[in-house]
Amino acid sequence: MALFHVRMDVHIPRDLDPQVREDTIAREKAYSQELQRSGTWRELWRIVGQYSNISIFDVESGDELHELLSGLPLFPYMDIEVMALTRHPSRIDD
Amino acid sequence: MALFHVRMDVHIPRDLDPQVREDTIAREKAYSQELQRSGTWRELWRIVGQYSNISIFDVESGDELHELLSGLPLFPYMDIEVMALTRHPSRIDD
Amino acid sequence: MALFHVRMDVHIPRDLDPQVREDTIAREKAYSQELQRSGTWRELWRIVGQYSNISIFDVESGDELHELLSGLPLFPYMDIEVMALTRHPSRIDD
Amino acid sequence: MALFHVRMDVHIPRDLDPQVREDTIAREKAYSQELQRSGTWRELWRIVGQYSNISIFDVESGDELHELLSGLPLFPYMDIEVMALTRHPSRIDD
Amino acid sequence: MALFHVRMDVHIPRDLDPQVREDTIAREKAYSQELQRSGTWRELWRIVGQYSNISIFDVESGDELHELLSGLPLFPYMDIEVMALTRHPSRIDD
Amino acid sequence: MALFHVRMDVHIPRDLDPQVREDTIAREKAYSQELQRSGTWRELWRIVGQYSNISIFDVESGDELHELLSGLPLFPYMDIEVMALTRHPSRIDD
Amino acid sequence: MALFHVRMDVHIPRDLDPQVREDTIAREKAYSQELQRSGTWRELWRIVGQYSNISIFDVESGDELHELLSGLPLFPYMDIEVMALTRHPSRIDD
Amino acid sequence: MALFHVRMDVHIPRDLDPQVREDTIAREKAYSQELQRSGTWRELWRIVGQYSNISIFDVESGDELHELLSGLPLFPYMDIEVMALTRHPSRIDD
Amino acid sequence: MALFHVRMDVHIPRDLDPQVREDTIAREKAYSQELQRSGTWRELWRIVGQYSNISIFDVESGDELHELLSGLPLFPYMDIEVMALTRHPSRIDD
Amino acid sequence: MALFHVRMDVHIPRDLDPQVREDTIAREKAYSQELQRSGTWRELWRIVGQYSNISIFDVESGDELHELLSGLPLFPYMDIEVMALTRHPSRIDD
């Protein structure tokens, strides 16, 4: 398996149709919760003071991660940073 | 409780006495594993290709986090970035 | 308690409806003054030459801070930087 | 009067003589506490995870601030950022 | 007195009504020349190749400087950097 | 499989013992050529004008990549940037 | 021959006519695949999580590369970084 | 005489009237070629992969350079960086 | 004539022989004051909180400025930024 | 042929043996002047206020440029930036 640290900063344009905005956010939530239930989207936190999140993904590979990220309903309105993670030698468990 | 996202980049000086280096790294490991066992140091990953880690701390407050970080044996050799995290509205559980 | 240093840079879009602009700024002022009276928004200064402020928040946790910041009427038009503070060992009083 | 926001990042060289280091830090503390008592060094906080502080100075002018900062025992080992502050229009009191 | 070094980068939106643009630039010139005559706006140079200036202000305090800068007709279209200056020990006169 | 784009900037300290330097560079070459022969280190180019390279690694996972990179004889003297790659939809073959 | 490493970050404006968008992307794909078949566009990877690619071009010269890049249908919507590459001394083959 | 190194990055807004765009580019070319013939605009190269140029100007002074640059038809759509150059001691001729 | 805005950040190495340090600083002061008397070094201010200055030079050309700056006794220990200035159209006098 | 724009910032370590320093600078000058005579090192200017140069190289390819740059006697003490140039469409001659 492959662990990735992903930061997503969301910038929804002000002039996006309100209904489109609402639907997109709702679809984003559903999309994310489904991946959380499957264990793929392993961690999801809000960064205090920002419309941004830190997420940890547990995927087969970078290919799968790109599919998931580029499929995010909010993807067109996001700045995304991806970092590959690996097991830390001091970690007490796995 | 308070969640913090911490990135630590380690730069141990080349001319540090080898024995001091070894002891410091060993004390760092023990220090970290004790905090992991207590649940304070909740997540610890190595960033691929870097002598760096991403950690998630679950502490009482920023005060406690500062105590923990400034008490790290490797603290003098670290660049540290701290970000406060909070619960994400799409998170399915807690 | 938790102390946070927050910098807010305000960028209100030029084409925002003037009435909306005025109301938002008025609500922002009221929102901020209420939090100042409660002691939560402990310090508030204008940065010379900028439509920006430096604020010090005294809150229960990062969770509460995020609620307050994301609830700011001007939040959609702000770049926000958050830094956790702790007591300085040389501080003569608290 | 003039308000200044000052960030100080301290980088004491590793090879500084331990006794010099100790004396300098002690003199820095005494120097700072005297200015705190006089109300000049109005606020002093530690940034969580950093050997850095955020300070608020209440001085006659930039001239006085420079005297104070360049007189800091740790001045040679500091990166310092200075920002002029002014009264925020939403501030409820002064 | 307080000396401040100010850099102003001007970005007038292309779609600003030409008449508004012309009036604003005219008011800016008058505003600046009045302050130059009073000695407050002590120096004003154009940076070669930029729609920017370097200015030196001689004011009572940061408060006054903020009043002057935020009152600039072009203020909404400016990126402004402010640096407090003080007397240099090698300066031959004052 | 997982594809990674890696940039390595090499900064060998001037005061490294010449013999150690020579051995390390020789071991680095052998280490790299072995991985090139196995197909793991798929591409290796020198950046014109820099003591740096761009490499493409074809590995099982981020874990394996970290093992390889942190095992590089020159690792202690390198700044390394890692980017996960995936198949481009316009790629004509694979 | 000359090898170039090129990073392309694509930012297609939201308000681009959907049909123009679709045609441009189709023409981009055809343009790229033709160059891939000729061996000029030697490598093309997607950066995980980004609407960006890393490409390796094998061209006669910088002149030819500029022709190719500035002729890209998506050129007006791209941030492009170009780096000249050369043969790495440790490369096992050519 | 004074030598200046100038980098110009051109960002013509997408919604500029096509005819205005064409005229402006034509006037820019004529303007530049006239200055090249006079020897003032001594060198002009395109940066590979960018709508940018590197130019060398041989002018009386910064004043003259500013007149030339701010008079460029494309000036409103340019990011410009200016660096003063001087004779290099190793230069074999002048 | 040519006006230049110069920022100088001074970083004197800690291990510089104290006598060399003192002499160099003294020679720097004499060097600067002579140029101030000649009107070449027209303005010299200390940046509050920094071992840095902002200077305005009034010289024949960039060539002369380079001679002056590279001849500064502290030149080897300085980061220097140079910006060409020109007359601002709103300036009331010259 | 291939044109490259190269910026070289020189940082000779203070503790380099003075004789080594002098020889290296002499060899650098001879090396550069030979390449200037051959037309390869086509332009060489000093950046005002910096121990840096802007050079234009006219070489067969990036490979040749890397040979030349990495063969510079001062190469170990340089930060180098390389940009590929191409003919500008407005250039009046070649």
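For reference, chains read A, B, C, D, E, F, G, H, I and J in written order, and residue numbers begin at 1 within each chain.
Heads up, the rule we're going with is that a contact is a pair of C-beta atoms (placed from the backbone, for glycine too) under 8 Å apart; a residue touches a chain by one contact, two chains touch by 3 or more.
Note that this is a predicted model, so its numbers are computed, not measured.
Engineer: Using direct touches as single steps, what is the fewest number of steps from chain D over to chain G?
Structural biologist: 3
Engineer: Spell out the chains that contact chain D while also contacting chain J.
Structural biologist: Intersection of chain D and chain J contact lists gives I.
Engineer: Looking only at C-beta pairs in contact, point me to the busier pair out of A-F and D-I.
Structural biologist: A-F
Engineer: Quick check for you: after a Cα superposition of chain B on chain H, what is the rotation angle, between 0 and 180°, in steps of 5?
Structural biologist: 180
Engineer: Using CA atom averages as chain centres, what separation in Å is found between chain C and chain H?
Structural biologist: One centre to the other, that is 44 Å.
Engineer: Take the average of all CA coordinates in chain A, do the same for chain G, and state the distance between these two points in whole angstrom.
Structural biologist: That pair's centroid distance is 27 Å.
Engineer: Check each residue of chain E and list the ones that touch at least two other chains.
Structural biologist: 3-4, 46, 48-49, 62, 65-66, 82-87
Engineer: Provide the full list of chain pairs in touch.
Structural biologist: All touching pairs, sorted by chain label, are A-B, A-C, A-F, A-G, B-C, B-D, B-F, C-D, C-E, D-E, D-I, E-H, E-I, F-G, F-J, G-H, G-J, H-I, H-J, I-J.
Engineer: Taking the complex as given, what residues does chain B use to touch chain A?
Structural biologist: Against chain A, the touching part of chain B is residues 3, 5, 28-29, 32-33, 36-37, 43-49, 53-54, 56, 83-93.
Engineer: Write out the stretch or stretches of chain C touching chain E in their complex.
Structural biologist: Contact set of chain C toward chain E: 14, 46, 48-51.
Engineer: Quick check: in the complex, which residue numbers of chain D touch chain E?
Structural biologist: 1-4, 61-63, 65-66, 82-87
Engineer: Spell out the part of chain J that touches chain F in their complex, as residue ranges.
Structural biologist: For chain J paired with chain F, touching residues are 4, 6, 13, 62, 65-66, 69-70, 76, 80-82.
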